C-alpha cells in the first residue's frame, strides 16, 4: 500500500513535470534548441503571478487568464530578439546565449524578489484532498495532472491535424525544403516558442499554488523537463508526458526510501534509460 | 517583345566568400520549357538557389514578371508563383505522402480548387501515389518519392517550376515516366526550368537550352538547332 | 618544372609568440619564487587565478575544439577534491602526493559519463553533463563516509608550516599551468591539433578526411576532466574544506563559460584573456553580488549573439599577433 501510494504521488508529481517538458520537447523538436533559461522563465512567471495576486483582486482562474498572455508575449520576445539569432546547425551559440540569459534572469529575480521563498496565498484548493481506496490525493495535483493530459492531447492533435502542425513538422524535418514549400520557418518558430512559454505560464500558476518558489529554483525545473524529454524519447509529445510520469514516480519512490534520495533517484533512472534505451522509451524504431 | 516571366540580369553569387556565379543572363518566356545543362560544379544548383532566395542576391538580378524579386525569401517566392523540386527530393520525413502534399496546399499561391493543380489531378497523373497516399514517405521507392516531390511543388500552384536534377539516381524507365508528365505541366500554363546533367534528355524536353561552365553561360539557343559538337565544346570548355 | 621560389619553409614562431614565450617563462619563475617575495594574500590570489586559467582552458578545449559543450565540469572538480581529502585525511597519504593521485577520480568518472552522454545531440549533451554533476553531488551528500552534506576538512595540513605549504602550492600551480595551458598548446601544435582544428571547423568533413572524431572527442573529454580535476584538487586543498554544495557548484560551469566566451572561444589566448578579465572584475565588482552577475550573464548573452570571437577575436581584427601560434604558415623566400 505504501508503494502504491508512492507511485500515485509520483504520477501526480509527474503531471507538474509534464507541463515543463512539453514546451521543451516542442522547441527542441522544431528548432533543435534547448533554452537553458526554460526553468528560470517559469520561475519568473511564478513570481510575477505571486506579486500580481498581492496587487489585483484576482482568483486563481483570473491569474491564469492574466499570466498566460503575458507568457505568450514573453515567448515571442524571446524568439524575436534572442533565439532567432542563434538557430542553426551549431548548438553552441544557442546554448551560450540562453545560459547567459539564465544567469542574468536568476540574479535579476534575486534583485527584485530577494532570495525568500514565496507562494500564492492558500485559497483552499492547495490543501483540499480526497480519499480513493485508502489513498489520499490532493485536489490540486490531480487538477495539474488532468491539465497536463489535456495539454498533451491538444498539442498532439494540433501537430497532427492543423496547418501550423504540418508546417512545424515539415520545418523540423527539413527547414530549407519547408521554406521552398512556402512555410515561413521564423513564423513557425515564433508560434512554437509562444506556445511553449504560454504553457509555462499555466505551469507557473500551479507551481506557485502547490509549493513555494524562489529565484534559484529554475535550474532544477530545467533539469526535470530535460530528463522527462530524454526518458520519453526525443521528438514525441506523449513521450515527454510519459517520461515526466517515470521521473515523478522515480523521485517519489526514492523519497520514500530516504528523504535525501528523491531527486537522486530521478537522475539515476534517467542515466539508466540513457544506458539501456538511449532512444527513449517511446521512440519509434527506425 | 513581351516581358519574360522570369529573367536574371548579370546575376552573381555564391556561398559566403566563394563566388560561384559570374554574371548570368537568362530568360524564360511564358509557357516555355528551358533546360540548363552543365557538368558537376558548373553552378547550376547554386543558380537555382540564387533565383529562389536561398542564397543572397541583389533585387535587380532576378525579375519575375518584370518586377525585381532577387533575394526575396523562398517562402515568399512561393506566394509569388515560383516553386522548386529540389535536388535529392528533400521530402518531409516522418510524414505521409498526403501530408507532404498538404504542406504545399496550406501555403500555395491559390487554393486547390482555384488553381490548376489538385490532389485528384496528380493522383491521375501518378496513380501509384493515390494507392500510397497514407504511407510514410520513407516507405516509397526513389521514383515514387520524386513523384511526390513534383506533386508537392505543383500544389504550390506555380507559374514557374524549377526542377533540379529530377532524373538523378533513377532508373531509365522511371525517368521516362517522370519526363512524360512535363508536357502536361507545360500545357497547364506553367513555365519550366529544367536543370539536367543528361544532355540528350534536356534537349528533347526543352524549347531552348543554356549550357553553363564554371559559373558562366557558355552557350544558349533553341534546343533542336544546337549541334552536338557545339554542346560538347560549351559543356567541357574545349576551345 | 621551374620553381619560382628557392626556399619554402614552414614558419611557426612569430615575433609576438617569442615575446609571449619569454613572458610565460618569466611568469612561471615569478610564480614559483612567490613564497620568497610575495605576501600570503597575493599567493592565495595566484592560486585562485591559476585554477581559473586551468579550468577555463580545459573548457575551451572541450567546447572550442572538440565541439563538446559541457555545463557539468564541476563534477570533476568535486570528485578530485573529495579524492584528495579522503586520501590525505583518511589514508594518511602525503597531501601533495595525493593531489596527483586524486586525478584518477575525474579520469574514472569521465569514461562512463562520456559513453553515456555521447548519444545525446549537441544541446542535450550539455544538460546531460549537468545531470551527471548533480547526481554525483547528491550521491556525495548522501554518503556518510564523506560526512554527507557537511563536507570534509583537511586537518593534516596543519603539520606543515605556512612557508612549506606556500612553496608546495606555487609548485603545484606551476605544474597545473604547464599541464593545462602548455599541454593544450602542445596538443594543438601536434598532428592531433590539425585534426582538432579540422573537427572544430567541420566535423563531417574531418571525419571524411580520416579523423576518428568519436575517439578524439573521447580522449579530449577525459583529458579535460583530468585537467579540470587537477585545478579542483589544488583549489580545495588551498581552501582546506570541501562540501558537496561548493565542490559541485554549477557556478564553476558558469565561470568557465563566461571566461571562455568573453575572452574568445577556440583560442588559447582567449581563455587567458577571459580569465584575467574575470579575475579582476571579480575583485572590483564582486561585492555588488547579483547586480554584478546580471551584467556577467548579459555580457555572455551579447557575446553569443553579436561577437562570437570574444575580446581575443576583436583584438585579432586589429592585427594578427598570436601568443600561441598553432597554425603553420608557409613562407616563400625568393633568394635570387
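Per-chain residue numbering starts at 1, and chain names A, B and C are given in the order in which the chains are listed.
Convention: contacts are C-beta pairs under 8 Å (C-beta built on N, C-alpha and C of every residue); 3 or more make two chains touch, one makes a residue touch a chain.
For each chain, UniProt lists the protein as follows: A, C = Branched-chain amino acid transport system permease protein; B = Branched-chain amino acid transport system ATP-binding protein.
Just so you know, these numbers come straight off a predicted model, no measurement behind them.
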Task: Relative to chain A, chain with the most remote C-alpha centre - done: B
TODO: Specify the chain with the shortest distance from its C-alpha centroid to the centroid of every protein C-alpha atom present.
DONE: A
Task: Between chain A and chain C, centroid-to-centroid distance (C-alpha), Å - done: 33
- [ ] Just give me the whole-number Å value for how far the CA centre of chain A lies from that of chain B.
- [x] 43
Task: Approximate Å spacing (C-alpha centroids) for the pair chain B, chain C - done: 52
Open item on the list: Give the residues of chain A touching no fewer than two other chains, as numbers and ranges.
Closed with: none
TODO: Using the touch definition up top, name the residues of chain A that touch chain C in the complex.
DONE: 28, 32-34, 36, 82, 85-86, 90-97, 99-108, 110-111, 219, 222-223, 226-227, 230, 234, 258, 260-261, 263-264, 267-268, 270-271, 274-275, 278
Open item on the list: Which stretch or stretches of chain A touch chain B in the complex?
Closed with: 163, 166-167, 169-170, 172-174, 176-185
TODO: Flag every residue of chain C that touches chain A in the complex, lowest number first.
DONE: 63, 67, 69, 71, 116-117, 119-124, 126-128, 130-132, 134-135, 138-139, 141-142, 148, 250, 254, 257, 261, 265, 289-291, 293-294, 296-305, 308
Task: Touch list for chain B against partner chain A, complex - done: 52, 54, 73-75, 78-79, 83-84, 86, 90-95, 99-100, 102-104, 106-108, 152-153, 156
